[in-house]
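The structures come next, written out as structure tokens.
Both complexes below contain chain A, partnered by chain B and then by chain C.
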Partner chain A sequence: MTEPLQPPPKKNPLKRTRVPVSPPGTRSRAATALAVMAAEGRFALQHCADCGRIQYPPRDLCRACLSGALQWRDTDPMGQLVAETAIRATPDTHFRDRLPIRIGTVLLDAGPSLICRLHGDVSGDDRVRVINRIDAAGQAILLALPLKEVPHMQDDPALRALSCDPRHRRVLITDARAPEAPALARALLKAGASRVFLGLPEAWKPFPARSELEDIGNCSIMPLDVTDIDSVRELAAGIGGKTDILINNARFIRPGGALARPDTIFARQELDTGCLGLMRLAQTFGRAMAARGEDGVNNATAWVNILPIGALVPQPGFGLSSATGAAALAISHGMRADMRGSGVRVMNLYTGPMDDEWHQELPPPKVTPSALARAIVSALIAGQEEATAGEIARDLHARWRDDPALAIREALAK
Partner chain B sequence: MTAPAPYDGVVVTAPFTAPYTRFSPHPAQYWLGSALRGSLKAAGLTPRDIDGLTVSSFTLFPDTAPGLADHLGLELRWLETVTVGGACGVVALRRAARAVQTGEAGIVACIAGDANEIDSFRRLLQSFSRFAMDASYPYGAGGPNAVFALLTDHYMRKFGATREDFGRIATAQRANARRNPQALLRGALGLDDYLGARMISDPLCLFDCVMPCAGAEAFLVMSEDRARSLRLPHARIRATIERHNAFPDDPAQYRGGWAGDAPGMWDTAGIGPGDIDLLQTYDDYPVICAMQAEDLGFCSKGEGARFLASRDMTIDGDFPHNSSGGQLSAGQAGAAGGFLGLTEAIRQVTATAGPTQVAKAARALVSGFGMVNYDRGICSAAAIIEGESA
Partner chain C sequence: MTGILAQLSGALASGRVEIVDLTHRLTPDFPVMVLPPEFGQCAPFRKTEVSAYDHRGPAWRWNEITMNEHTGTHFDAPSHWITGRDVPDGATDSIPVRNFVGPVVVIDFTAEAAADEDALLEVAHIQAWEDLHGRIPADCWVFLRTDWSKRQGAAYLNLREDGAHSPGPSPEAIRFLVEERDIRGFGTETVGTDAGQAGHLDPPYPAHATLHGAGRYGLQCMCDLDRLPATGAVLLAAPLKIENGSGSPLRVLALVEKEG
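Our next item is the complex of A and B:
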């Protein structure tokens, strides 16, 4: 029986905020490949292309035939618990604060047996489903879940630590004017977020969505212009210490590539918003959040960068957006390293063309505001660090994973 | 498969235990060298008299065996590193015996030991092996306690063994340790104390787990003629076995390599379990003692815990087992844990064990088990040795 998670008590300002201590983060190259799968929310194991053997822990060669042709493939995650324990003593500082830690041995239907963390509702000789998640060290951790959904399943401490669940957390959406802002706010609140802050650039301009947002409840609209460091600092001074999830959706989009215009005015604006804006947020909110990775029930947990899929596979019709996305992506990866160990995951969410005025001439499928909101919230709950929204982004991401050079050539030929 | 050649003309002698301490500022070089000095002194020899060396240690870094030879001023014509953890005593004995038998070395010193500074155990655990670093340490950092808790839980489920059964193994060893002045844990331990102890990793409690410490062990392998001319009490090697990575497809470990190799060992020795006066199992956890009792042929599979619990395992009992108190009470000085059963057995069969001496102990079976690479012990080994009275 998982106890429902209670809302956090009011923070006592006299008490020291717990300092984040990373779980063990050193892994071999083969085990790091498991983290690549975990970042995408995939339970994948090494399959030998020559003899078909499935193996775990990750190796450099097949343990059955010594072939080097090992492929990471999605694998049947079902299995049976054959042994369990509750660790009550450990020399490791991270785990010492979380005792007891329940682990077990699961014999997978696919063949290998493995040591994994256990959800609180798993015990005895239960049938289980194993998931592969990113931990606070940015490495893969396997966790066995009950086969059937149980009450308050997400509230289990082991599972919650491997998720970025919005429940009981406060979220900042950096651009209230983006078309997805109302849908996103609604989806977050529905998922249990306790408050949604929305940053409003150029507050003097008319803001038609204001009443819609105000009607939702638990939404606070606050001035924020990511192109102005003073504005970012001012908001961070106010809510930086109570932002548990930050969703950076601020963007400035104009179609076209390098040859589209005789000047760089739009390019400059696009980079100032999409790339330098991210840096300004990182320098303020990022630092505050990294310090709050162990701050109880509503610790800082996720930073989401919404990026065009062109960041990975440049789209010729949106060359400037792709360039801005690629620059922001590089910064995002750097942030992941900077925030590693704090408990805050940095998620890249790649979108296909949005169903908005700037992508009006493109054919469908396009990403609707509600589809983008759903993709963000489900990726947060699944603790992903890499996610996509929409068919086009999913398709291009898969092609990029398979062969980046080919994916880019293909995109240029269209 | 042909039977291995007998160990004719080779003996093992001069066992020495450098007294263990819970924490020590001394590095591994100090401990290994101290054990060597003690063994040589017992034999009346100097460092120049040995020309072969086996080294077992986890904490020698950045040195390896040649660096240790330089550190200790040893000139050698035969040098071996034996990194099989808890199986290192028997495996070092096997290597050294063949070297002496073939004339590649005259006298081989076998040494094992480790340093233990504050926090060094944590550092050892987090980089113990690649699979441990990748796939067990990040799961709560329970170290071997957690892995053996899983094995113990699985064993209890599969065979119906109880905590009382395991408690009897631990308490009998403590009774033995109370007669060993060098054991680190010598306080009285009853079954109620065992059952009431705090849990470390369910179902393992405090007294199921060895205490990491600093220390070292050593013995010498030489020709029987040499031992006689030096007037050294010595033991012959009747049969040995060694196996690595047996039964890798068992979902959880409930048997070790002995299960396949023990019948051959008994055939070679020409004797059976009933002819053994003293059993020294590798006792990092009681469940492993039970597993060895089964796999070595003292009882059938699944009966090990109940079998041991039903016997009197103390020094004066009907089934003397781990007469020095074993690692559970003497402490686990890293790789020295793989030697402790063997050095004690040499003392026993040469009637030099002093306060822990088992009456009329002529023949001992020593078993080793080592290297929890991921979710199980990889290395298993065993040796039957006998004194001149056998």
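Our next item is the complex of A and C:
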């Protein structure tokens, strides 16, 4: 029985905030490929293209036929727990704080057996479902879950540490004016977030969504303009130490590419918001959050960058937006490296065309505000570092994973 | 014998002539003109530290600033508007500098603006003012005082779904000032020289169209016009010498002679 997680008490100001200590991060290249799958929330193993054998742990060659033709494929995660034990002592500073650590051997229905962590409600000879998640070092961790949902399943300490569950956490949405802001706030609160802060740029303009947001409850609308460092600093001074999840949805979008206008005005505004805005947030909130990765039940846990899928595969007609997304993605990767080990996950969430005024002339499918909100919350709960929202982003992301050069050529073909 | 400038220096030193600042602070959240989003916008003021006595520059502090030519308290040159595109000496760097110093009269329109946020200054208002204060002299700045600068936040632009709502001159009034009174320029406390709904007037944006077409200037986003007398003040309003600039943020100062 998993004990339900209690809301955290107020912090004791006399106690030092625990310092994040990274778990060991060194792996082979083959094992790092498992982390790539984990970042996308996929349970995938190496399948030998020559003899068909599925193997674990990842290796450079097939252990049955020595073929180098190993393909990563999504694999049936069901299996049987056949042995369990617990680690009760370790000199490792990360794991020392988490003892005892239950581990077991699972015989997968797909063939291989693997050693993995165990959810608190898994024991004996249970049938289990194995998930592949990344840890604070950015490496893959396998965890066996009960086959069926059990009460408070997400509250298990091992599982919670591998997710970025909004439950009992405080979330900042950086742009309250974005069309998805109300749906996102509602979805986060429904998932158990204790408070949602929403940044409002240009308070001197009308803000029709204000009453809708205020009616939701537990939402605080606060001045924030990511293009103005003073504004970002001021808000970070106020809530930087109690932002557990930051969702950066601030964006400036105008259709067109480099040749659309005889100037760089829109391009500068796009980059100033989407790319430099992210840097301003990282320099303020990022530093505050990285220091709070071990801060109890509501530790800082996730930073979500909402990026256009054009960041990976440039979109025809949206050259500036694709360029801004690509620049922001590079910043995001750098942040991920900088924040690695802190316990704060940097997630890239790629969206297809949104159902908004700037994509009005595009045909469906488009990403609705509620679909975007659902995608963000489920990726947070699943602890992903890479996620998509909408069919177009999902399809293009898969094509990009398969063959980036082909995906780009295909996307830009007339 | 003391010359005029020596007398002025003496009056400034003694406080008999006061210098009044009609300029808003340049801040990131000062409202700017808003256009439909498919058009390029007026960039708000932004300031970023380059160094502040730190590792980026140990003994000095300086900032990088960005803005539009029409951000904050600013000057409109004739070439700002299409009607003034061919006006000789119509850009910030070519306007004769003598036009940056000169007399200003102030029409108090506060009661009308308080009663109706779309109030338009009409010829009759100007004539009523002249009955009290005398004919507006030629080559003089005319300021429309509305106390609009005292509004804060969203109330300043006063944007609604049908656009902005703020006072300004009617087409006839601005034509009267330019053609019948030969003014040098027209200044306001609102975000532009035109009323918020001036796009619906004929011609659209009559202050911009008429003033700049005739080679006259605009000043807007000013404050503290209530500290100026109806007549008798001298204005100092020199835009930055931007090459072929359409306008410029600036410090607007007025010399006001104290009574008694």
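In the analysis below, the second predicted complex is superposed on the first by the 413 of 414 C-alpha atoms of A that agree within 3 Å, B and C clash if a C-alpha of one lies under 4 Å from a C-alpha of the other, contacts with A are read in each partner's own complex, and residues count from 1 in each chain.
What we mean here is this: contacts are C-beta pairs under 8 Å (C-beta built on N, C-alpha and C of every residue); 3 or more make two chains touch, one makes a residue touch a chain.
Quantities reported herein were computed from a predicted structural model and do not represent experimental measurements.
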item: First, second, both or neither for A:116, with chain B first and chain C second; value: first
item: First (chain B), second (chain C), both or neither touched by A:265; value: second
item: Touching partner for A:88 - first (chain B), second (chain C), both, neither; value: first
item: First (chain B), second (chain C), both or neither touched by A:202; value: second
item: Between chain B and chain C, more extensive residue contact with chain A; value: B
item: Chain B versus chain C as contact partner of A:28, first or second or both or neither; value: first
item: Touched partner set for A:4, first chain B, second chain C, both or neither; value: neither
item: Partner chain in contact with A:225 - chain B first, chain C second, else both or neither; value: second
item: Common ground on chain A, meaning residues reached by chain C in one complex and by chain B in the other; value: none
item: Complex contacts: residues of chain C adjacent to chain A; value: 28-31, 34, 37-38, 40-41, 43-44, 46-49, 153-154, 156-157, 159-160
item: Residues of chain A touching chain C in the complex; value: 202-207, 223, 225, 227-231, 254, 263, 265-266, 269, 357
item: Interface residues, chain A side, partner chain B - complex; value: 23-24, 26-28, 30-31, 56-58, 63, 82-92, 94-95, 101, 103-105, 107, 113-117, 125, 135, 137, 139, 141
item: Of chain B, residues touching chain A in the complex; value: 119, 121-122, 125-127, 130-131, 133-143, 145-147, 149-151, 153-154, 157, 198-204, 248, 251-252, 374-375
